[in-house]
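There are structures below to look over.
The same chain A turns up in both complexes below, where it pairs with chain B and then with chain C.
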Partner chain A sequence: MAAPVNSVGKPSPERLPLNTTSFQKKTRSKLISIPGTRPSVQNGQLLVSTGVTSLDYLLGGGLAVGTVLLVEEDRYDSYSRMILKYFLSEGVVCRHELFVATAQDDPDDILQELPAPILDDVAIHKPLEQPLLSCEPSNSLDAMKIAWRYQNLPKVQSALASSSRFGHYYDVSKTMEPEIRQAAKCHRFYLPEHPTLSSPTHSPVLESYSALLKSLQDIIHKEGFDVAAPMSRPRNILRIGLHSLGSALWGDDLTCHDNPAHRHALTTFLYGLRALLRSSLAVAVVTVSSHLIQDRALMGSITRLCDNAIALESFKGSERETNPLYKDYHGLLHVRQVPHLNCLASQLPDHKDLAFKLKRKQFTIERLHLPPDLSETVSRVSRGEQAGAAAVASACGSGTSGNKHLDF
Partner chain B sequence: MLPELLQSTDAGGLLIIRDFASFSGRHLLKSFINASLNRNEAVHVLGFEISKEELKHGLKEPNNQRLHIHDAFSDPLGWTDHPAFTVQQFSFEELTHLITQTSQHKPVNLVIDSLSWILRHVSPTVVCKTLQQLKKGGAVRSIIGLLHADMHQNGTVGSVCHLATSVITVTPGTKRDEAVAKITKRSKSGKVMQDEEMFIINEDLTVTIQNKPNHAGSKRTDSEEQESDPTANLTFNLRLSDTEREAKEKLALPFVFSKEKKTALLHSGPGSGRILYEPDANDNYDQEDPDDDLDV
Partner chain C sequence: MYVELNSILNSTPDTFTQGEFILVSDRRSDASFLIHHFLSFYLRARCRVCFLGLVQSFSHYSAVSQRLGVSLTQAKEKGQLIFFEGLKESLSVLVPRDANGASPAINFLRDPSVGLRSLYEFVRSSLSSFNSREKAADGAEEWGPPVLLVDDLSVLLSLGVSVGAALDFSHYCSATVCSQLQGNMVMLVRCDGEEEEEDEGSDRLLKGLTHQCSLSLHVEGLPTGYCRDIHGQVEVCWRKRRGEGLHTQKKLFQYKVHDKGASFFARGTSSTVL
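This part shows the complex of A and B:
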């Protein structure tokens, strides 16, 4: 479904003979309407939400149906797993079908950990309505003593958000009720339950990957997620979550060796996955533990084979954890690739410095701000140092490098 | 955190002791064996690297019924007719069979000495798969493995440690007998805890924790010194007494309005007028630049 849906002018049924023009407003009547989707503002692609509103914004409104999002796992796979769970939860709430494939934990474990949706969140997330409230509690009036005229202005929002509501909010401290979860149709693929033959060492395709691809293909054809399938029944979206692909448990030695024997196994699989998704109403999120992959060129080609790619870099265990600059955040988010769908130039995110944090209930991605440097000495220190360095250099008689800034 | 790990190995856990040539982690491994035996748990040891006798040396009760040592040291590759345990037997089915054969439904801890030896002869993907199956399998309660990190490629060590619930990296300390343990523990909820501890292993294989490595402590004192109170020795009075504060709060400042007036100003009532102004394209003159209309 990566091709834009044609927008065809709809002839109006009750045409008045006089006083009307022949101009008709363009409508998108041919658009397939599926709950939980919306057309992109830029190019008319059908989008679904990732479940993280700020991530949707970053990816240009959402994930286009028919594309693959690659999430490079953080070192302990805690935040990437959370993104995967958000993506699946959004599918449950929108009544999409799910497909979960894992090799490490049982897919049911992931499904049981899905965060609970906050369904009455509409009242909370309306910053514009606050000034209209007439009777505010008096303590909020006392909150600003001097600049009280500003107190009813909406707060500046640091979190990335698009204006219209799309996608839901989730409370990560609670898990979804089993009734809601079981209402969604879920296909599971747990690798140890699929006995695979040991493949010959130099075969480009691993048995585990081909079994996975086969199972995906079956579901897409049988359950009618093909775009080409007849429109006999209401269409739905298939959300595919593939956890920790390329890890040793998938039988892939990509992460184990500097020069893996199954060098092209994962890339071959991704080609197949992409080809399959392009012609179906499905969208996939793939997580890969990229920090274990030693070959950067290989990681680059894996990134190229996915449409969207983001990388999570958790501060846990790195020296950045104690850096005061990052004290409000839990990690950095790098956008490795944005989709180029039916266009030459893709829309780039307006910010490159992004950080994520896990608040008590929610995972958000924010712009990383540098705090303003208010100290008076800060700009002078470097000049003083330069002058000092120059003085030292000339004193030693070897004035070659530091002399440039020296004033005579 | 090290004593907690020694005291209770949680079910389904995989603990990896990562050491380097500069410091052997085997003494710590023996401490773990001792601690499990003290808890009345059965221990199965796959000994590839040292002989049975050497392994038993120093243990509190070397002939304990609950200690089963599978000798893979004398013939690890099955060259003789009756090998006790070979590296090819390192698979989920074989190990489950071996363990259920000898011990009677007790919590079983599997100790592997060492994973490095197995990784030399079995492909890392198979080792990872077996470890994962053992973790999930049920026959084994917890697995403790020794891994010599400098013997393998980074990716192999990373992949094995990625599966582990706890990783203890041991490096030599500054003094004799002293060692530093860097501990990373992953809880089931996905929370990661990290700690660094200095420890000594005693003669009877108990572990004594020294004070924490001092660089963290020294950093803390530095920041405390910097945060000394600048208002401590002043020649004038900066603080208010209670009566002074009361008097200050009574004072009505100019241009501070009452609550009612503030509310009235902030929420203009129905009678008052409002200016609604929607700027259009012709209106964008700049207030900052008075010469905007001049052609300069």
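This part shows the complex of A and C:
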């Protein structure tokens, strides 16, 4: 068997030009490849990240392009606003285009508060470096002797430009640098700047909402986000953030009255939004202050007209804040709806008790579980007499030794 | 098309009762998998189908039907299926770009108080035009009785249509499709909230339609809460007129939706429990 080895050894240098490994990256011949997107494992739907990695996981990998995510605001709109900002920053980092519509604050205020991305390996504002990583001829000086199969691979593989990665981490304690932010193309819609002409039509849509729909449609047509548009220029994703829809500032009275006059304004708008998004490369996050809407049935039909729906329930100002059960968390997260798109079975989350917390730098969603009780008086064994003994011990104070559970 | 459901309902694509009004409803759950069942069922039964898809795009229904082994695009080309895509039509009303172009069927969106007359006209003309065309051209393929499918009726309430108008619409449709043309009709209604809350739109709609229908399938989440392996329960209720009185029969099943179908089983006999 020695001879074949010898004979094989000779032709091998010619036979190993560049493709030294037999492992080929499986590439789908997908018609659309846009940075910051990936096809879903279940149904091949194109997904984008929400910016919060744990939320992506909950929604079955990410937000499908062409769908709407409804975020029911928490009482002070602090965490829902954060999710919106995460969503927009992810768009900035992936170089998607943004569309921000607000009625309360200026859209620029939200854009200025975007969290800073943690880019450990790459500098985002140098996208021209990308061609470098294609295949650098390895230096002959450090030719590999043992792991020689790797020597033809590109040098710094981690430099795969982060803008094409799916999902990033952000530091909420810092804001994004202005030059990164301004690199992204952003359309803004600030309601007070749009003089609404009050025409006495019978249409159930409010003027503010139809102005918003109109401006969205204009952008989708003009900037080529239409799926039906010719594939002349490289495609991109439009990320739409709509803040606090249904509030009185939008001219809506859902939150003011038990029996609102414009009962169907928001639902009709959401229907139009769905119609618009289904035929375009766009994805939207809508926040609604649901705790102000008295009518649960109305909230149900709003939820059904969005594809994904989550609700945030913050502990701030509620008595749960001081409950020891919840001491590790800032609020509860309810998944109200997951999309049924192009498939029969939806991706239900395997766990329904979810909580979110805001760490020093990061917003995460976790499973809700009891915190470990580290106090000495805790009863580890559920047997009655043991628990009773522990209770006695705690009543007498910690001075009594011998009753500790660590004693043998 | 789910075989297990067919055996529960005692129907196959070759033999099914004509003139039936089937009501599919849900609460705290999603019954749209049943709409996909009936769509593929009637297409296989070689019926002429008019589908009012108000909540999803055509590509969604087409992709799901593909998994169930039916091609909607082919059915459309053959003239077997008339598909009304509510989302697409609504855009021309909500964000008007051209002066005309909106289908008159979507007129209710412009002014909900006029009711659903134009939508009914659309249904009637598309299902009876089938008839005349078949008689005109004998060489064309012959299709069975006409079928109307609506997904879903309660979204019309969100768009401002009153409950009365929606009930009128369903009554007119059942008179035309079920009685006159001896076809079938399937409507989906989605309710939200608890049952206790009374005078609420979708609940009133559900009550009215339950009164009109001849077979109802009501899907609910499990009363004991969310479960990974049992997605909910479906109550099948037959209402038959026999002589004087109204004879009703009820059966309750639990179900699980799979990738390419759904399985139905008696309560407590899920394979994960046993």
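Just so we're on the same page, the second predicted complex is superposed on the first by the 291 of 408 C-alpha atoms of A that agree within 3 Å, B and C clash if a C-alpha of one lies under 4 Å from a C-alpha of the other, contacts with A are read in each partner's own complex, and residues count from 1 in each chain.
Throughout what follows, a contact is a pair of C-beta atoms (placed from the backbone, for glycine too) under 8 Å apart; a residue touches a chain by one contact, two chains touch by 3 or more.
Please read all numbers here as calculations on a predicted model, not as lab measurements.
J.: Who does A:235 touch here: chain B (first), chain C (second), both, or neither?
T.: After superposing on A, A:235 lies clear of both chain B and chain C.
J.: Examine A:247 and indicate which partner it touches, taking first as chain B and second as chain C; both and neither are also allowed.
T.: After superposing on A, A:247 lies in contact with chain B but is clear of chain C.
J.: First (chain B), second (chain C), both or neither: which does A:210 touch?
T.: After superposing on A, A:210 lies in contact with chain C but is clear of chain B.
J.: For A:194, is the partner it touches chain B (first), chain C (second), both, or none of the two (neither)?
T.: Neither: A:194 stays clear of chain B and chain C.
J.: Of the two partner chains, chain B (first) and chain C (second), which one does A:301 touch, if any: first, second, both, or neither?
T.: Second partner only, chain C.
J.: So in the superposed three-chain picture, is A:95 touching just chain B, just chain C, both, or none of them (first/second/both/neither)?
T.: After superposition on chain A, A:95 lies in contact with neither partner.
J.: Once chain A of both complexes is superposed, is A:343 in touch with chain B (first), chain C (second), both, or neither?
T.: A:343: touches chain C, not chain B.
J.: Quick one: is A:276 in contact with chain B, with chain C, with both, or with neither? Answer first, second, both or neither.
T.: second
J.: If I apply the document's touch criterion, which positions on chain A are contacted by chain B in one structure and by chain C in the other?
T.: none
J.: Under the stated contact criterion, what part of chain B meets chain A in this complex?
T.: Interface residues on the chain B side: 123-125, 128-129, 132-133, 153-156, 158-159, 162-163, 184, 186, 190-192, 194, 256, 259, 262-263, 265-267.
J.: Show which residues of chain A lie in contact with chain C when the two form their complex.
T.: Result: residues 43, 201-205, 210, 213-214, 217, 263-264, 267-268, 271-272, 274-276, 278-279, 296-297, 299-301, 303-305, 340-346, 348, 350, 352 of chain A touch chain C.
J.: Given the complex with chain B, which residues does chain A contribute to the contact?
T.: Answer in residue numbers: 76-78, 81-82, 104, 134, 138, 141, 145, 148-149, 151-152, 192, 247-249, 251-253, 255-258, 289, 291-294, 316-317.
J.: Please give the residue numbers of chain C that touch chain A in the complex, ascending.
T.: On the chain C side, the touching residues are 30, 32-33, 36, 57, 59-60, 63-64, 67-68, 87-88, 90-91, 94-95, 97, 109-113, 154-155, 157-160, 190, 192-193, 197, 200-202, 226, 228, 257-262.
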